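In the two complexes that follow, chain A is the common piece, with chain B as its partner first and chain C second.
On to the complex of A and B.
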């Protein structure tokens, strides 16, 4: 018979690994943040000075703002598009669902580094496919330097992020919709409900759990993504695509200020944990 | 097992162990771990020369062998910094930059001082300018080898076809640019998506507006970044961008893409340095030409940005035996015989190469032309920001420069931001002074 004690014994190895490879480094980073560092060598203990510096760091606030924008855009577009697409797809026959589901999921299988390189070429001002296509259809006036302008760079990158993420949302929502009792939809149809009424009053409320899960997943990913920005713009032009992870990277690897990079990492961890805690609270309530 | 087998086992075992130890002792050898950036393509692509010289110079290591890792292009800087933080630097590294970043490594005790070796081997070809740039706190920590100069690579075919003369004054340069623009040809191939190319261009413009003295007043003295000469440099750079000197969307074009634009004949000029001579020479679809950008401000003498690119540096953790071996090896790598190989096989002109040697050696006309022109003004040549600024300031310069040339900030705002970062670096003890 499985007792609580034996359950913990079974959990112990993975817990030990987690503490060793996740918990311990987190504590280490927390410790690093209280020291002054020079070229990767620890110096004097400086208490909370790095945290004070962070409050006055304009680049940090700009990066945080960009992460917040990314969270909102990711929740608004790929999530919403995934939900609507899944609701439409769920009513098709199994073969269509299988094929279209797989096609939508393909971008999800592409690593963000590769997606960044591909889209970097698409957006390229000299030989990019996007400008070429716009000119070919007579919309050359809309052609631009998508990753080179302040007002389009972040949005252009977000399109790439959305492209890689929405297929994942489709699959998750599809699975959730297919687990809803079909008799509910039958009853609604008998009552004369339109597709939109069924979607709004049945599908959306019943997918609350999936929406919260995807929302949490999207929010965490939006706070910690790095590779897409680094291979395309490295946070530029200027600071227009700077995010917390690129700021951490530059502080750590390029400036060698391990203490300040550790401070930024601790703050990022607190933000992600807060988002997770909020989402889990909502999940428990639902 | 028989009794005789059992009795002979310990003897056999002992013999085996002894033999093993003997073999190990006989084959134990000093290994010098070397990191360098001499790949076969990209920046500082002098791979063919390095390959040959390892074979030539390895015998000078006194029986030691070289275990080489190539970390191509500018990435070696980041790799080396990580190695410093882990206290696992290679015995010998050819990495960039010198000056303030080298000083940072020396400051934390990662590098071995090389003064004794300078005295032992002489190395007279490395003059005081270069020794100063590779020193920290009174000791020398690097052996510079390569010379980096900046100039304007141009396409002589495009110039001739369009009846445009190679400019000798800044006004003529501007006229040439306007003429190419009118003919629908991109005047200057420039891409700053990678963020660092604009820093080199600004280094050149600062020297041609402020001169070497003006730069030194700020970089090593008490003058502020917000001076009139630096403002002229910032205004010039911004005006180039605004007036269509560069391809559209240049902040979204990579350095290699910009070079490809020039090398394919679709741009008339590109302003970059000798660190990419190898790629330029191998990739051009036409006979390359080069000229030095003329002074911009009145009273400033002709000159160009001049740096050492990278330097050989030795790990403080290396044993004395390894340090002695690497010093002998470096001595071979920078010898007159080896310099010929660097020039002829690697298109890299080491420090100490005389104009007469360059004339006689078998290398491309573009190599000879670039260095002959660039070194003719050696007294007036000025500083490379990449190697002179501390890293914390460089990481402010990159985005602020993108904003300046993108037209998102004024020259005054740009210079104020730089001054603030500069003052912070000075307060933190990061500034390097020769």
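On to the complex of A and C.
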């Protein structure tokens, strides 16, 4: 380890960029949130009034609830799918792993804007593949306008989010499984343990670190995702897919209420920082 | 493993492969069909393949320009990140200095910052700097938003450089920057490659920043162009599909060609 002041020179370029375009705006939104804004011009200092408004804002609570649902769904579906797929792939030969790993990850390489368009067609009530498939297997009664009904829109979007995310989980879990000592599995096999037993008693507990990492990653993404909602439903129908980021975007660009958009931003920031602090505490404990 | 266990496993692998690929196949299918038979008839490829949609979108709807803009922005962001983040990663991995923990914590906190929160204040700052509707106004903030991840990943990569290599060079009296260029960079080349690829992927996929910063049509990237097609070309499904394909095909090809390098980068921060 070198003890040297030149370290600051090495840090300077990235730190300067980061502070100017991320650090400074973060400080500014705290400031913005204490003022009353009119059409982009700061007016009176109003203390915590914007925060009071937020507590009484039904759309804020609806959006927060949707983000929370998104967190739970993401933890439940793509993470579990990734774990099971990785555990299965770990025992297959290298070319199968390479090909299926690539296939599962392809959706992640597709910009969410395009993912939204593609899935919009799959969910389309008139020509969409989903309704067509349901009718073909005799479940036509379930067909619907998936993204246009407030009881199915959020769930339907989550399927798209999961589509772009489960391959990432497979890759992370697979790398972790491959670093587990194979003799543990051999010993279990000699004892006659079934695949399921090995999965439950070896793989799952040994991958706890990766699960925590992916869980944190998923939770943060679930709190701050924007593109997918914006290009499909823009928070609608009604407020049925409204999330915190779309509420921020609308308050800022459509309503022009900088103070309130900043207040929402501060609250979102505090939420994601608290989630990560909690996860780090868990990581340190294990 | 019993036969039935293996059968169930294969079925699971297959179902998820279909989940991943069917939407991609559908957009490909829509892009090469004429509008008349778009979603009618069987979901199989029809010959001869019809490239009219690509031609129309590429020349008439401005996708040649959008494509070039995506290339310019993504390449610029990638160069900027690859030139700066490794230096910081090296400092965090191999040097002791006052405030190290605090500065690293500052970067770590940036990992979770939501871009829409930043934009609420960033937008006014860019306006004040005259960077709205300017490429620089997307490139610099985009690189800055990717910096926490990049520095974190580079620190992990640099930790694998043997201390003896660096110490020996210091003994020989080489300057730190020279050591970085001649000794560290050659060792971490695969890591730099991964960083470049992942940065390029994220920069190409970016939607929010170019959406709010660019007003002039001729500056917009593919993501913004494809999204606005939906409104303007509402029922031109073949055209929209071709546009979507143009927007993601380069990324899929790049990923498939460089899979190993991508995976190394994605797991660098996670496994350790």
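As a convention for this text, the second predicted complex is superposed on the first by the 273 of 286 C-alpha atoms of A that agree within 3 Å, B and C clash if a C-alpha of one lies under 4 Å from a C-alpha of the other, contacts with A are read in each partner's own complex, and residues count from 1 in each chain.
The working rule: contacts are C-beta pairs under 8 Å (C-beta built on N, C-alpha and C of every residue); 3 or more make two chains touch, one makes a residue touch a chain.
It should be emphasised that the depicted structure is a prediction, and the values quoted were computed from it without experimental measurement.
Chemist: So, on chain A, is it clash or fit between chain B and chain C?
Modeler: fit
Chemist: Go through the superposed model and pick first if A:40 touches only chain B, second if only chain C, both, or neither.
Modeler: Both: A:40 reaches chain B and chain C.
Chemist: So after the superposition, what angle do chain B and chain C open up at chain A's Cα centre, nearest 10 degrees?
Modeler: 80
Chemist: Go through the superposed model and pick first if A:258 touches only chain B, second if only chain C, both, or neither.
Modeler: both
Chemist: Regarding the shared-chain residue A:166, is it in contact with chain B (first), chain C (second), both, or neither?
Modeler: A:166: touches chain C, not chain B.
Chemist: Please indicate which partner A:52 is in contact with in the superposed arrangement: first for chain B, second for chain C, both, or neither.
Modeler: neither
Chemist: Who wins on chain A residues touched, chain B or chain C?
Modeler: Tallying touched residues of chain A, the top partner is C.
Chemist: In the superposed arrangement, does A:176 touch chain B (first), chain C (second), both or neither?
Modeler: A:176 contacts chain C only, not chain B.
Chemist: Touching A:238, do we find chain B (first), chain C (second), both, or neither?
Modeler: After superposition on chain A, A:238 lies in contact with chain B alone.
Chemist: Determine, under the contact definition given at the top, whether A:250 touches first (chain B), second (chain C), both, or neither.
Modeler: first
Chemist: Give me, in Å and rounded to a whole number, the least C-alpha distance separating chain B from chain C in the superposition.
Modeler: 5
Chemist: So which positions on chain A get touched by both chain B and chain C?
Modeler: 40, 253, 258
Chemist: Under the touch definition given earlier, write down the residues of chain C that touch chain A in their complex.
Modeler: Counting only chain C, the residues touching chain A are 1, 5, 9, 12-13, 16-17, 19-24, 26-27, 30, 38-39, 43, 80, 83-85, 87-88, 90-92, 94-97, 100, 103, 106-107, 109-125, 140-141, 143-145, 147-148, 150-151, 163, 166, 170, 176-177, 180, 201, 204-205, 207-208, 212, 222-224, 226-227, 230, 237, 240, 244, 247-248, 251-252, 254-256, 259, 262-263, 266-267, 270-271.
Chemist: Tell me, which parts of chain B touch chain A in their complex?
Modeler: Contact set of chain B toward chain A: 78, 81-82, 84-86, 104-105, 107-110, 193-195, 247-253, 257, 261, 391-392, 394-395, 398-400, 402-403, 406, 408.
Chemist: What residues of chain A sit close enough to touch chain C in their complex?
Modeler: Touch list, chain A to chain C: 1-11, 13-15, 17-18, 20-26, 28-29, 32, 40, 81, 84-85, 88-89, 91, 98, 100-107, 109-122, 127, 129, 163, 166-168, 171-172, 175-176, 179, 194-196, 210, 213-214, 220, 223-224, 226-227, 230-231, 244-245, 248-249, 252-253, 258, 261-262, 265-266, 268-269, 272-273, 275-276.
Chemist: If you look only at chain A, which of its residues touch chain B in the complex?
Modeler: 38-41, 123-126, 144-150, 233-239, 242, 250, 253-258
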